[in-house]
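Each of the two complexes below includes subunit A, the first together with subunit B, the second together with subunit C.
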Partner chain A sequence: MTQKEEAWIGLFLGVPILVIPSAVAVFIAYDKGLSFAPVLMFTGTVIWGGLLWLLPYIQRQFSKDKKKIIFDERDRLIHKRAVMASYVALWIYFVAACVITWCIVGPNGSISVNVMPLTLVGGLVLFNCVQSLASFIQYRRGAEDGAR
Partner chain B sequence: MAHDELKNQIRRLRFEHGEMTQQQLADKVSVTRQTIIAIEAGKYAPSLPLAFRIAHAFDVGIEEVFQYDNNFRASGD
Partner chain C sequence: MNKTQKSAWLNTAGVLLVFAFALYITIQIGVRHRPPERILLCIWVSALVLVAGIGIYFFRRKQSPAEPESDERDNLIKHRAVLAAFVSVWPLFLTASAIPKFIVGASGSIPVFLLPIVTVCIFYFALLVYSVAVLIQYGRIAKGEES
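Showing the complex of A and B:
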């Protein structure tokens, strides 16, 4: 599995894998009124996310051609830039979440603590999406021609 | 990121070395074929160790594989 394929998987499989259990958990939480549901939701999301990130390593363990180079210095550079872009997006998201909340509820307002894990889940999804998109854009730009 | 200032002769050297494929060169220098494609197309500037490994794969000096375009620098200043 190449890094480009991993980026695609991260984008098109990772997001539903993260979003669907989270959405189901949120629905259950608000429907049943379970106070511990956000914690379970966050734990479940982290487990699903962890399994997703383990996928390339598991795939490589069962790969027939283990000696084949699938990650080199260019992949490392692209990955580094993608992570940097993700952190920038995460910071903007965090600032926006704080400012928008302040604007909505006002300086003397209050919000439910359930918003906290939801914000973290949102950040996780955003980080994953931006990293995948940034990786994909860089791979596409760097290998448009010359293939033979 | 385009690296127009760095020219290379990898394609010519590959054909001069028994029409070596990009995959064969990639295996020799321990990178992916996509990286060789990007370097050949001038879209990626390799690290110095990788540049040396490519030169060694062809048994030539590094300056025979990669050339720096001085005119690019002059016009960029």
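Showing the complex of A and C:
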């Protein structure tokens, strides 16, 4: 599985598999309070998400052509830049979340404690999307340069 | 000591000073319900200016004219330190979103001014992790060279 395929999987499988159950768990906790069901859902999602990250390694183990190079220097550089871009986007998102909340409820207002986990789930979605998109853009640029 | 190490020491000193001041302000206003004392504020500002001044002086001064700005090893160390700081951000945000729930309850609320404070604290903590990771890696390499 190449880096590009991993990025596609991250964008189209990672978002529904990780984010939807996490968001549902947080909404249940927000609506009905913290109970066993949302905690179990969140834990299950974390475990499932961890297994999803192991998928490329498992695929490599069972691959017939083990000598085929699927992650070279260029992929490493693209991955590094994509993680950096998502890291910067994450900080901008958290600062924006503070400012927007401040603007909505005013300086003397208060927010529910359940908003914070929701913000965190939003950060997870953003991180995943930005990382995948940054990888695509860089691969596309590389392909365009190669075509010239 | 090269520029990366110097900036890591400067960051560590600066962040620890900020954390010490934040702790003092929290205790003074939150627990004692008194405004912060002027003399301590003056000492803190002087310490911050002193650290910044000494840091800038040593940062600009080279050990030898042949000292490079940064090499491959420095870049690798910085890259690993950024990774460590990045990894530390997630558990910190997770902890920050869980702690208010235990303090005020699941149906409670927190003042909105706490959000930027939490974000800034986590940013400073990530900076501290980055600096400590840089210093630890240089320490390990120095030990390896000795042995």
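Observations on the model:
Note that the second predicted complex is superposed on the first by the 123 of 148 C-alpha atoms of A that agree within 3 Å, B and C clash if a C-alpha of one lies under 4 Å from a C-alpha of the other, contacts with A are read in each partner's own complex, and residues count from 1 in each chain.
Here is the rule we go by: a contact is a pair of C-beta atoms (placed from the backbone, for glycine too) under 8 Å apart; a residue touches a chain by one contact, two chains touch by 3 or more.
Being a predicted model, the structure only gives us computed values, none of them experimental.
Of the two partner chains, subunit C is the only one that A:Leu90 touches; subunit B does not reach it.
Comparing subunit C and subunit B on the residues of subunit A they touch gives the larger count to C.
By the touch criterion defined above, A:Arg141 lies against subunit B but remains apart from subunit C after alignment on the C-alpha atoms of chain A.
In the superposition on chain A, contact is made by A:Cys98 with subunit C only, not with subunit B.
By the document's definition of touching, of the two partners only subunit B reaches A:Arg74; subunit C does not. Judged by the touch definition given at the top, the superposed model places A:Asp31 against neither subunit B nor subunit C. Once chain A of one complex is fitted onto chain A of the other, the partner contacts of A:Ser110 are limited to subunit C, with no touch recorded for subunit B. Put simply, subunit A touches subunit B in their complex at residues 2, 4, 69-75, 139, 141-148. Of all residues in subunit B, only 1, 22, 26-27, 30-32, 34-35, 37-38, 40-41, 43-44, 46-47, 50 touch subunit A in the complex they form. Only residues 29, 33-34, 80, 83-84, 87, 90-91, 94-95, 97-98, 101-102, 105-114, 116-117, 119-120, 123 of subunit A touch subunit C when the two sit together in their complex.
Within the complex formed with subunit A, the residues of subunit C that make contact are 79, 82, 86, 89, 93-94, 96-98, 100-101, 104-113, 115-116, 119, 123.
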